[in-house]
Amino acid sequence: MDLAYGPEYQAYRQQVRDFLESSKEHWPLRSGLGKPNAELRRWQSMLIERGYTARTIPKEYGGYGGEPDILKSRITAEEFTRAGAPGGLAGQGVSMLVPTLLDMGTDEQKQQWIPKTLSGEVLWCQGYSEPGAGSDLASLQTRATEDGDDFIINGQKIWTSTAHEADMIFCLVRTEPDAPKHQGISYLLFPMDTPGIEVRPLNTMTGLAEFNEVFFTDVRVPKSSIVGERGQGWLVANATLKHERGMLGDPNTAGTRLSLIIKLMQEETVDGSSLMENPVLRDRLLRLQSQVLAMQFNGLRLLSSSIKGESAGIARLIVKLQGCELNHQLAALAIDCYGELGILYHGSPRLRARGNWQRQYMFDLGLIIGGGTAQIQKNIISERGLGMPREPKPASPAVKSMAGS
Amino acid sequence: MDLAYGPEYQAYRQQVRDFLESSKEHWPLRSGLGKPNAELRRWQSMLIERGYTARTIPKEYGGYGGEPDILKSRITAEEFTRAGAPGGLAGQGVSMLVPTLLDMGTDEQKQQWIPKTLSGEVLWCQGYSEPGAGSDLASLQTRATEDGDDFIINGQKIWTSTAHEADMIFCLVRTEPDAPKHQGISYLLFPMDTPGIEVRPLNTMTGLAEFNEVFFTDVRVPKSSIVGERGQGWLVANATLKHERGMLGDPNTAGTRLSLIIKLMQEETVDGSSLMENPVLRDRLLRLQSQVLAMQFNGLRLLSSSIKGESAGIARLIVKLQGCELNHQLAALAIDCYGELGILYHGSPRLRARGNWQRQYMFDLGLIIGGGTAQIQKNIISERGLGMPREPKPASPAVKSMAGS
Amino acid sequence: MEFGLTEEQTMLQQSIDRFLQTNCPLDRVRELTEDGAVHDTETWQGLTDLGVTGLIAPEQYGGLGMSLLDAMLVQEMLGRHVTPVAFTATSVLAALAISRAGTEEQKASWLPGIADGSLQIAVALSEQSGARDNAGLVFEDGTLSGHVLFALGAPEAQVILVNGPDHSLFAVQADAPGVERQALRSIDDTQVIAEFSFSETPATQLQADQALLDQLVDAGRVMLAADTLGAAQHMIEKAVDYAKDRKQFNRVIGSFQAVKHMCAEMAAELEPCRSLVWYSAHAFDDIPDESRLLACHAKAHLAEVGRFVARTATEVHGGMGFTDLMGLHYWFKRIGFNRQILGSPERAREDAARIQGWI
Amino acid sequence: MEFGLTEEQTMLQQSIDRFLQTNCPLDRVRELTEDGAVHDTETWQGLTDLGVTGLIAPEQYGGLGMSLLDAMLVQEMLGRHVTPVAFTATSVLAALAISRAGTEEQKASWLPGIADGSLQIAVALSEQSGARDNAGLVFEDGTLSGHVLFALGAPEAQVILVNGPDHSLFAVQADAPGVERQALRSIDDTQVIAEFSFSETPATQLQADQALLDQLVDAGRVMLAADTLGAAQHMIEKAVDYAKDRKQFNRVIGSFQAVKHMCAEMAAELEPCRSLVWYSAHAFDDIPDESRLLACHAKAHLAEVGRFVARTATEVHGGMGFTDLMGLHYWFKRIGFNRQILGSPERAREDAARIQGWI
């Protein structure tokens, strides 16, 4: 057990701090997931130059070209958070498409897309989910039929964040309708301004349109847009889906929320007494603090396993399930602490924390559902983590009558 | 909404009170489920004479021969509880075999067994559950093979309370091994001193042997011992199993426990302060009080539905699930209130309440599991109460290979 | 002995249910509340025609003089249909306050308007369950000054009933000098809340005392519990229907044990709540000794069960529950609103401890 | 940076695991504890041979001078095998107390015996986490009078360490005049507790203060949390194995989603606890500023998760879990015992609030 990072890393940390200290004038005003402006792209290029983002991506594709170093990545993240500095670009192009292309793309595809994606010149959206295929993603219905050297795509995608601003989409479509459901899918890249694409904002319970629906009507795309083999899109996508699931439930989010709640309980009053003097709310806070600490230390354990290249087994499988639920419970406590004030929203007078707690309480529920519902997570934990059997396949009605049961 | 019982019932209540007041000298010292002594049998006969027990059982079978009257039954129960008076005999013979015989028995069987059972002359035990057939009771394996006019029984039963004292057993055995599993079972009555029966006490986690295992080795029983048709034992048993499930989770038990906890929280101290002054424990108490009240009022609603002969639907289906869990949670709170004292047991010095809370905490877990586990209860609520589909039958391996999937 | 509804009560509830289903479906609610909370005067008029607005007001003033149990049954249906009308404020709380603590003159001037649906009264009691942001009033020289938060009632209310210092209750004309109304916007745009500021505002005092204020809080809590009951019941029904219809992995999701058990747990938690709410309303009407305790428990318990149901029913709906498409969140938010107003569950339980003499 | 166990630590744990599995299986535990709690001297001897009893005692007194983290790993295995030895009392709490607050003479007289396993010391600290039944001591004229409850340690302990008035700590010879030991029998016969009464009993004072007493409570809490971790982990493994084996309705029950999800929930709750317990022990050793807070959280959180796992694993076992046949209840009760001793979870959380200056 050694929680110190060693002299090389201390030096690295200092270097990051110095950079952040000296670069304040370049910090972009807004960051986030949408289309980056010039200021943001300049910042991105400063970060790549120093290896603070795109660290392990080869230089020839516009990355820093460094060796993987989990500790350096973590130190970078810690220092950026501590300083309140905006990070590098974080859209789905950078986090999901780039790793996919590095793994499965042709040289040409890598050359063509990775540098522009990293620099922010091209913004991507992800076309995986469909209204009829939620937890059962592989049952997707969007179809690409052949027409000479092209595919003609028809169908619908949902939960497509940034679709309204994106230049390009990486998209799963069914190219082999007669193949078994996991084997008939291909992974395509095409521009969002291709004729026949319509984007409609998707409002959620938070009152915001965090997502979109995307409709395809006879959208013509050259067959050369495929990444990987035709019909193997499921494999291509799955290689990076894991990344997405691993990111949900981050214990550092919970840690930040916990600190905010401690502060609010010390500052807010009812009938003149601070909320921290309320033993029942305090006990709830402390129960959650136990869980936050446990998840943070679990995160250290995962980090340590990654450094050693070991599998952390169940400790990793549970992060999404436990982390998302914990975040939801923290938001619930904050709302309860505010009492009547806790229901205010939509920029109301007397609104606290810009309504973030209510928004998060609802958005967290979306996260509990999305990226693999809690039920799917529990299936995964029991099957992959504990080695329990899958549910037996149901006898289909036809088979049932054949078997006479 | 009218919670008053009306003049006829007021008068009845007074009559019960008067009886209890004037009969104190006859109250037996012990009651319960085991073999009744002379004192207890005398008391039982006094109660039958007045219709305070065996109320609706015809006079010719030794009952009171009254019309069913749910309110009178409830008033009787209320007044006996209030006075702390021992009730009538309550073993499985009275509560399960007698209704079964009334419903499905031959005249001869009724004549032969009901009067002796009601009077306490004959004590019964129940042979349903088996080690290999828990939630899936119909998969029972105890086999009865034919030998002339007799069956020869081999197999094992479990959870057989009072088996060590019982004179007779009502027992489910498989008489038709080749029939579908629900159709090959028969319901038999036979003496516990038949050669080949061995009773072994079954210790549970409470440290007591509340149950037994019963082993049958070549036990010879005449075929005439069957109640109902041969092979229809499943139907015969199910008619009364419902009664058993309905009895578990009684909200009055929870009400009594709640009162005891209130008292202990007012009386016990830590560092000189009463536990009621601890806001966190008090809040837990109040949460449980909400639930106890809700379940008690739900009980009133069920009573009202019964009087009107209406089905109470979900309100009845949930009683076992919610009631048993509530009782368990109440015991947990009591243990937590006692702090370190809460772990004492086995007649230890400084033991509180004779260790009842720990015993109940564990026994309640047995009740949550027994009589249909919580999982089975939720299946029932969702299927019968909410009309949700049953789980599809799994494709058997043979069928799967036929269907080529 | 009968623990249940009379035939008339069942019919009342059914007729409100049908009326709201036809006249104020979700599409209408959506449209009306697009820019914030409103009081739906058209639906109010329909309810007036059904006699509902005068349910509590005494017969001699044109009302029906019915019980809180009846009013609770109405509110349950309003929750079921997330109806944007301020029924509890005017027809229940104001009607109770004025008929119990009003002078003859006050009764005569306000109760007929409550009964015929022409008068809207806002009610500010929230400081009874904890003052935030230094809310509170002073009464000097026949005028009120200060502010009160979380007043319930229609934006166009002509009269405001406010809880003042020393267990007092005042009626203020909405257009009196020094009155300012500031709409507060909550997650739930189907229920209206506002803040009122007064500055040397003339006010008429009612003959209130702590007991009356307690009764008003009790009645309000029972009504909020009933609203949550109706909303949560509806969410369960929607979840069950969705689960029977939606397919994943070639099966309706309602055949997965995990989904079935989520639905079973919701039903198992909510069903006993119905009896608790019935009893608490009945206690308010007929068993005064138990009324306060039961109101606390109904409010607190429905808040907890409501939160569980709202969340679980949304989960059963998967992504669809999270979007605006099906509008499930209208119920989710209504339940969330009811949880906090007139005392959080923690507060209501603390009150319950006090009522039982435990602290 | 490494958040995990060293190779040596893993080997230590594995060797204890193997030793206990071979030498103190459930059958032996059953037999030994049939009439109440005992300290298993034979297993203790085996642990002594493995060097475990002197783990904490400093090297100069024949011990190994290792860390609480190492001791915690041992205790986890003792919990895993529900081993009836009083390791925490003698080898951890007494060793820490004497090496940190003993005079040279006191160290020399007791630490070697701790190190070589020949000395058993009982430790009474429970009044630090709340006095019940007027427990407490007075110290006058060099003697102790009064009584202490819930002392941990073997029945044959030769020395008793007791927390006295004004943050003091005393050592008493078990055979000194006026000492009475009364065994308390708990649900868990694998752990020994007793009450001691003193009547003008000569006692030797150690150089303790509140800080030292806090450290002892912290260490005790971490050890109890580790014990629950080991016991709960074992219960999950047993439940999973049982579910893979037991058939109902022609399927192994482990293929039912409800059963799978119960197992997944247990694992999801318990797995992060491992890191919490590791960190809390590490903090005791190396990050004193965080030590007290972490000990409270480890104790409280493992108590809550332990209760959930104990109950759920029993449910997965169905009726078999409830009977004595498989002995699953030994783990259930061990977890139940650990929950209450040295401060209930509510108490530990209250302490955590105080440590953070929140109250």
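In order of appearance the chains are A, B, C and D, and numbering begins at 1 in each one.
The rule we apply is simple: contacts are C-beta pairs under 8 Å (C-beta built on N, C-alpha and C of every residue); 3 or more make two chains touch, one makes a residue touch a chain.
As the structure is a prediction and not an experimental result, all values here were calculated from the model.
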Consider the two chain pairs C-D and A-C; indicate the one with the greater count of contacting C-beta pairs.
A-C
Taking each chain's centre as the mean of its CA atoms, which one is farthest from the centre of chain A?
B
How big is the gap, in whole Å, between where the Cα atoms of chain C centre and where those of chain D centre?
52
Centre to centre, by mean C-alpha position, how many angstrom separate chain A and chain D?
42
For chain B, residues contacting two or more additional chains
278-280, 283, 375, 378, 391-392, 394
Please list all residues of chain C that touch 2 or more other chains.
251, 255-258, 261, 346, 350
Within the complex, chain A is touched by chain D residues 1-6, 69, 240, 243-244, 251-252, 254-257, 260-261, 263-265, 267-269, 271-276, 278-279, 282, 286-287, 294, 297, 300-301, 304, 346, 349-350, 352-353, 358-359
Touching residues on chain B, where the partner in the complex is chain A:
278-280, 283, 391-396, 398-400, 402-403, 405
Residues of chain D that touch chain B when the two form their complex:
36, 126, 130-133, 149-150, 182-188, 195, 247-251, 255-256, 258-259, 307, 311, 314-315, 318-325, 328-329, 332-333, 336-337, 339-341, 344, 346-347, 350
In their complex, what parts of chain D are in touch with chain C?
256-258, 261
For the complex, give me every residue of chain A touching chain D.
1-6, 9, 71, 262, 266, 276-277, 279, 282-283, 286-287, 289-291, 293-295, 297-298, 300-301, 303-305, 307-308, 314-315, 318, 321-322, 375, 377-379, 381-383, 385-392
